[in-house]
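Naming follows writing order (A, B and C), and every chain is counted from residue 1.
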Amino acid sequence: MASAQTQLIEGLNALSAGLILLTAFGMVATRQVQGVMRFFVVQSLFLSASAFLIGFSRNSIHLLALGIITIAAKVIAIPWVLKRTLPGDLYERREINQVINIPSSLLIALLLAIAAEFLVSPLLAITPDPVIHVNLPIGLAGILIGAYSLIARREALPQMVGILAMENGAFFAGIAIAPDLPLIAELAIAIDVILIVVVIGVLTRNITQTIGTTEAASMSELREEPQP
Amino acid sequence: MTLIVAVSLPLVAALLCWVRPLRSIAWGTTVFCLSISFAASVMTAGQVLRGGRAVAIPGWIEVDGLGSLALLLVTFVCTLAAIFAGGYMRHGGQSSERLWWFYSNSNLLVFALAVVPALASPNLVWVGVELVTLFATLLVAFESNAGALEAAWKMAILTIMGAPISLLGFLVLYWAFHSSGGGTAETWASLSAMASTMPPNLLKFAFLLVFVGFGAKSGLAPMHTWLPDAHSQAPTPVCAVLSGIKTTIPLYVILRFLSIILASPEARIGNWMVVIGLFSVGIAAFLLIQVRDYKRMFAFSTVEHMGIILVAAGFATHEADYGAVSQMLNHSITKSLCFYVAGMVLLTLGTRQISEVRGLVRTAPFVGGALLLCSLAIAGAPPFPIFLSEFSILSAGLRSGHNVAVAILATLIVIAFVAIMRHVNGMLFGKPESTAPVERVPPSSRTAVLLAAVPVAVLGVYIPGPVHSLLQLAAEQLGGH
Amino acid sequence: MTRTILYNLIQLLFVLGFAPLYAGVLSRFKEIIQSKRGPSIFQPYRDLWKLFHKDEVVSSETTWIFRVTPYLVFVVPLFVASLIPVLTDYPLAFAFMGDMLAGGFFLGLGGFFAALAAVDTGNPYGPMGASRTRMVGFLAEPVFIIVFFTVSFVAQSTIPYIVQQKWVASPAAFFSPAHILLLIAFLMLILAEGGRIPVDNPSGHFELAMIDESKGLEYSGRGAALMNWGGQMKFLVLTCIFLNVLLAPWGLAGDVEPGHVLLAIPLILFKILLFTIVLVTIESSLAKLRLFRISEFLGAAFIISVAAMIASIFSASAA
């Protein structure tokens, strides 16, 4: 009885892991700025679903609380804060010319996911826990794919969402390997995420007002220019 | 108790600067609170010297030798920077409406910097380092011109990118700690104690993640590209804090982690640290040759010194560790002095380009003299303290058998020395270019420079007893044999 | 033995008979979602009837390919239908005639001849549409092969009936990341092969933008009826593969009782109805992709299927 329930929970957790990987691919593949935001929100939902599942199966109040904090912070608060502080036309932008075209980006993302699995496999020999076997590689893959989408993007908002997606990956691995982290640490980490968003939002707004565009390629004045 | 005072006063000062009636005296509040904080950290250092550690809340807020050294450096550099900022910021034409925001933000930065060495739990240390990054980014963007915003944006992206990576590293460390049966609370001390029983694969993986995540914040190559921009575009007192202590604090965390790994007999990464450190020093040395902006010159020098500290920690002997911590100390005090002087040059002449500055000894003797002395100090000439610490690192390396690394390091240090002195020579001597009126340096800035010069002058020839003992204590924490 | 042959025939009749109904329900739902009334769901039957009673006009420039193709396109899905589980979950008489790869080849055969016939007429729009169809086809090939490989790797067999029995045997397998990734990849494949939005607009009349519809442009009378019917059957067959083999292999008759087999018919119709709702939602919320973006779409499907394959290999080696 208990093992069937555990199996179901592990299965649902694996399902949310697969969907998290899918949303990570989606963030690399989409052109619209708003699309990146939507994929991030969906990814955070699956992250909190996983937190609820693991918290339920291990009777850990911490994880249930973390799930609620994740929903409150990443699904509700962050998009709302960004919508309020950033100018509206930032959301309608599309990246027409990407540094690397989308099929190649997706291929690189896939290779990163495979690399994450390989990096993690010597560590997984320590424990037989199937939840860790699923969460740790996909969490690391989320971090790597988020870092890649950060490098490959030019617009400011997808870059910030890339950082937040990396954070999602770290959390996803963390809820499996460190489920009993003291609540203070979890709260501090959550507050830190919000602060990151606020700071980058403020910066983006200032940049848009001063420079007019947040395309990183156009901000390249600081260099060792040869003097005429 | 003094520990809590030292750490929390900057937060109090930040809040005070927010309060409307007190906004006009924001500078005074800041200097007052930070001076008391400095005194408190000196007293804490005294406690550590007597008892080995200073404990405020056991398991959460406590410092040992290395921590109290870092705390001391934080408060010293930040207090002097606050003193310097008084006249400098007013001269910069900023209205007092924005200045309170500047001081409040700076106090928050100081608070975050002070909190990192004072916390004993590694996960909260992560939060502290991230807060440091955030507040520093806001400060770099203070002047809101295109250059500052670009620098702040690059810094934000490159350094915050490391945040989730290092978070995963700390979580893996936590996992390793608990999977090898650590039932107590996780602190640096208990981690070191359990180091040999933790699975070495996990430790290495966690260290790799933390190193990648925090290495960008410390300016280790190849993730250093944001550093010259940020450290030159920010207002000068902020640059002093950034170069002087903000790059050292993530390196402090990396070194702590390194000491845990060295305590585990199976994980061997000392040589990798030497290689990466040499890579940073090399890149900095060669970039110093073709730099055009003197603030960027000092920023590249920061990259160089961070690399040297990492190399020293990689040698993993007790003498090399002593060299590493004394290099941390000497670099902080010297680099902040250099930035004060650079700020004075900027104030008097109004240009950042090296090529446009000529004959400084004639146009502004105080500034010119200070520039000469501090460049000699940062480049590593005797009788200044950096020469002593670099020499001890090199000799420790020779004694532990890393001959090739020492040879490469010595060559690179010489290249950097020549590069810096060539630029500074051009700035100091020769005919003055323009006859533009020279601004006078405000008295508060002069005071700060003189105060900052005292330890630089003294420590090169004589290291007082307590300082030496503190350095010894700190070196023990680094875990070399 | 005769029973299984009989059930096979019933299966073929099911596919033959209900394909136009499927197409009718699909277009009716799409219109309803767009706040229109839409044609009756039996309209495709009336269209087929009308077309069968009209004269055929065949260009004198065409060859035997043009005349043979409608029959081929009509018969090929019926062949494939006898290979896949439609009503029963145990193999029927002709099930071992070919496996999934053979099914893919058959469908490819039909598409190949349709493309050739489109070129055969000399109409400028024909070859244009044919080349686009081939582009979509060859981009979709790797996806199909990887999906096929993953599924048969896990099930240790390539016969669709056996794959269906083993693929979602346990809840753990149902929820595994490989499964969901594979479902998404195959769904994208169906959208591409069936000529639905976002790859192609099935109700568009603008020849310059047609991809899949162009194969039926030149036909009239009986030829047109067979081409349309064959296209509808092909889409029904793909849907049955998706539903019965990959997604939800429930509701199929488990034994040889004729009552159960006949009971399976409304059950599978119900599953198809649910899938239609999902399909209509997807179609109504996306826009048709520009031609060169189709390669990105199918590239994404390829990546997802490779990820599914990697995930299943890793979980198989870890288990």
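Keep this in mind: a residue touches a chain if its C-beta (ideal position, glycine included) is under 8 Å from a C-beta of that chain, and two chains touch if they have at least 3 such contacts.
Note that the structure is predicted; figures quoted are calculated from it, not measured.
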Farthest chain (mean CA position) relative to chain A: C
Selected interface, A-C versus A-B, where C-beta contact pairs are more numerous: A-B
Closest chain to the centre of mass proxy, which here is the mean CA position: A
Separation of mean Cα positions, chain C and chain B [Å, integer]: 65
Computed distance of Cα centres, chain B from chain A, in Å: 30
Intercentroid distance (Cα basis), chain C paired with chain A, Å: 36
Chain A contact footprint on chain B (complex, rising order): 121, 123-124, 126-127, 130-131, 134, 137-138, 141, 144-147, 149-154, 156-157, 160-161, 163-165, 167-168, 171-172, 174-175, 178-179, 199, 201-202, 205, 228-229, 232-233, 290-292, 353, 355
Interface residues, chain C side, partner chain A - complex: 171-172, 174-181, 184, 295-296, 299-300, 303-304, 306-307, 310-311, 314, 318
Residues of chain A that touch chain C when the two form their complex: 7-8, 10-12, 14-15, 17-19, 21-22, 25, 29, 101-103, 106-107, 109-110, 113-114, 117, 133-134, 138
Chain A - residues contacting chain B, complex: 119, 122-123, 126-127, 139-140, 143, 146-147, 150, 156, 159, 163, 166-167, 169-170, 173-174, 177-178, 180-182, 184-185, 188-189, 192, 195-196, 199-200, 202-203, 206-207, 210-211, 216, 219-222, 224-225, 227
